[in-house]
Amino acid sequence: MTAEPTFSHLDATGTARMVDVADKAVTARQAVAQGRVVTTESVLAALRDNSLPKGDALATARLAGIMGAKRTPDLIPLCHPIALHKVAVDLVVSDDGVTITATTKTADRTGVEMEALTAVSVAGLTLIDMVKSADPAAELTDVRVLSKTGGKTGHWERS
Amino acid sequence: MTAEPTFSHLDATGTARMVDVADKAVTARQAVAQGRVVTTESVLAALRDNSLPKGDALATARLAGIMGAKRTPDLIPLCHPIALHKVAVDLVVSDDGVTITATTKTADRTGVEMEALTAVSVAGLTLIDMVKSADPAAELTDVRVLSKTGGKTGHWERS
Amino acid sequence: MTAEPTFSHLDATGTARMVDVADKAVTARQAVAQGRVVTTESVLAALRDNSLPKGDALATARLAGIMGAKRTPDLIPLCHPIALHKVAVDLVVSDDGVTITATTKTADRTGVEMEALTAVSVAGLTLIDMVKSADPAAELTDVRVLSKTGGKTGHWERS
Amino acid sequence: MTAEPTFSHLDATGTARMVDVADKAVTARQAVAQGRVVTTESVLAALRDNSLPKGDALATARLAGIMGAKRTPDLIPLCHPIALHKVAVDLVVSDDGVTITATTKTADRTGVEMEALTAVSVAGLTLIDMVKSADPAAELTDVRVLSKTGGKTGHWERS
Amino acid sequence: MTAEPTFSHLDATGTARMVDVADKAVTARQAVAQGRVVTTESVLAALRDNSLPKGDALATARLAGIMGAKRTPDLIPLCHPIALHKVAVDLVVSDDGVTITATTKTADRTGVEMEALTAVSVAGLTLIDMVKSADPAAELTDVRVLSKTGGKTGHWERS
Amino acid sequence: MTAEPTFSHLDATGTARMVDVADKAVTARQAVAQGRVVTTESVLAALRDNSLPKGDALATARLAGIMGAKRTPDLIPLCHPIALHKVAVDLVVSDDGVTITATTKTADRTGVEMEALTAVSVAGLTLIDMVKSADPAAELTDVRVLSKTGGKTGHWERS
């Protein structure tokens, strides 16, 4: 590990800027991100059941994640506003917690991994908000990109 | 684990609603939340150095976290819009990653832990956005409330 | 009907302004608004069933209405930004369509009927968005205040 | 009424998602939507006059409608963020109320009828906000798409 | 000029934070800000006339200013979200340009001068947007606080 | 000065609308805008030093400007929502004040000068917010377009 890492959002003097993507090609791009909400067994049991009277808990988190993806350029200072062609947020309740997976797609000059990460995070925070009266210690963890495709760097997959 | 957990954002039929806080007392409330961005040694070294040419990286994440706290009711569907009397976001670079701590304060009818968690998450996502050209595998982890004070439940601290 | 009606958002010269409410009392205020989405029998049957595979349709509209209420001062130019202490959105499917009822509460210097009307409208538009692939002619109708309480004018109820 | 209606925003399990439009063609699309604010004769007379001292009432509603169209993806959970190439909002005062017509255009992968409906609704709510001191019973009604063109389904017109 | 100036939004180490106002008193506060759009004589003549066919130009700027004031905490990173009890934006066309004056009021823990300055700026930018097809060189100048009252510092007036 | 100036955002009757750009060509467009914050010598000295303990002052303003550019269509009523391919905000402290220069780029149907002007204004307002505890008389002045390229009108440069 010899070379100094490059932070593309900073110019040579360390100044933040929104990177110029004008000359980048418009290509189909997709990203998948994942995270997990860790909470108590009894909360997981109530969520897994996903019936009334807990019906709206997962639906609320899923919608918040989808809407959160659209707010990405409002939240992340140097993100370009881009078209979003698809956002799907999937929540699976297991013994380990609630695993949240978000898939985002676009055809634009820049990738959609921040949109996928934001969808996961907002869905996770919303789930914490739903369960915090039962478990104030609930946490959001392991939020990360699983894979991305498209653009100059092509396909990347978490090893 | 006997009693069914109560999700205060759902009514008896499982329907989501913004809880009625009209009759709750206005009290001073504070929350502290924390999370961590895990990334490579070389990225951490560049950030720890916090000099040019990486000058704006941590400042950008900190500001994004502060602004993100203000967007909490826009992002989390059932959060009440509340006054925010203080938001501070602190980033510390160590060998384990970048630890992000957010402190929020209000005097209102409902707590500010979601604002603190949102500040941590948005700061963390922004940091990932800053370093992703150098480390596409960076992740945000262990986002959780450390403590909260005020309101009916009084002081709570993560054990 | 003799006297010229008074539009409180316009000054004596007809100029729009955000009314000065600094001297108005902070009182508990509540509003209830209602509207209806009119669509085809087959869409209503699918919604009434409210089971999979149409599970999220009503939940999506309800959440959109709650979140929409919080966006009222962003949408309605002369509305004051106010605290919202409760927002509930209720959707009932009948043979006439889907009746949407929103209840909003605050303790502030100005009423919450615009928040209730916005909640109903955004929930209704979202429902139209959900069903438009099946019924492009769906419409939102009869959006109006049912009652409001609090403030100088006290209780008002639609006759 | 034989076939079960299809709700394109729900997948086969009834889960809400933002539909994948990546493979849809970019075509010119236009939508026209309409709605009506019903209020008292004296309010209509004051608005029809459209002179000082009621000068800004209709202009305020028109602008709110145009700005509201731009907020559509923020308000309607499953709407794609799209480019908007034109938004026009027209208000006509008659004996029946104030008829609001919105026309929206884009060249994108998905239609603009939700933008037109949102423009009409926000203009209508704003007009209600302007006149509510004179008529607390004012209502917004008959909000619906009149026609849309472009995309796979081609031209559709309300019969 | 002896003492180092104090920047209240920075802590002792120069780190940005949202100042803690929890212990500040809630007092009535008002601010007046002003700015000016400089443009050509012919544009000023068309605006001064303020009749059709230029009817909506000043109304559009005025509304944008009022709505802009409400967006202040979204735009200015360290501004507290506060209640706004009044926003008025006044535009006067003279030979020198269009003078924009904004008055804002609140009863809160922090002042409203940023809201007044934002109202002036957004109104001015909107006016530039309206006239730029006729005068691409139009500029916004002399945006500043004229006076503020309330809070610990009491009355301040530009000398 | 013979011909009446044309305001492209108003139709023949003076009514505001979002101009139809559907038939305009997608071309690469760039704009540069500039403005200046005028403040006291001691504030300028503290900023010029740009070291701790004033470290975040300029970084905060720069980021606010970049984020502000993305909010342009939310703030300026008749601006089209457009893709932004680059936003850079540069702040230079001199004896005359802090000069703020913003450069914006897109490939779209309409220009980006409003985005550049908004970036300058929001950066300037944020700087005023940072220094107002030391200089309540700070002002933002000379906000204007320096040059723009692309589109039907081609290159324009302030003379």
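We call the chains A, B, C, D, E and F, going by the order they appear; numbering starts again at 1 in every chain.
Definition applied: a residue touches a chain if its C-beta (ideal position, glycine included) is under 8 Å from a C-beta of that chain, and two chains touch if they have at least 3 such contacts.
Since the structure is predicted, the reported quantities are computational estimates derived from the model, not experimental observations.
Chemist: Check A-F against E-F and say which one is joined by more contacting C-beta pairs.
Modeler: Most contacts of the two pairs: E-F.
Chemist: Quick one: chain B and chain F, Cα centre-to-centre, how many Å?
Modeler: Centre separation, chain B to chain F: 31 Å.
Chemist: Going by the contact rule already set, what residues in chain D reach two or more other chains?
Modeler: As it turns out, chain D has residues touching two or more other chains at 15-16, 55-56, 59-60, 62-64, 67, 71, 74, 77-78, 81, 83.
Chemist: Testing understanding: with touching defined as stated, what is the shape of the graph linking the protein chains, line, ring, star, complete or other?
Modeler: other
Chemist: Tell me, which pairs of chains are in touch?
Modeler: A-B, A-C, A-D, A-F, B-C, B-E, B-F, C-D, C-E, D-E, D-F, E-F
Chemist: Can you tell me which positions in chain D touch chain E when the two form their complex?
Modeler: It comes out as residues 55-56, 59-60, 62-64, 67.
Chemist: Which part of chain D faces chain F closely enough to touch in the complex?
Modeler: 28, 59, 62-63, 66-67, 69-71, 81, 83-90, 105-107
Chemist: Would you tell me which residues of chain F are touching chain E in their complex?
Modeler: 1, 3-16, 35, 40-43, 46, 51-57, 59-60, 63-64, 67-68, 71, 74-79, 113-114, 117-118, 121-122, 124-126, 128-145, 148, 156, 158
Chemist: Can you tell me which positions in chain D touch chain A when the two form their complex?
Modeler: Residue positions touching the partner: 15-22, 73-74, 77-78, 80-83, 108-109.
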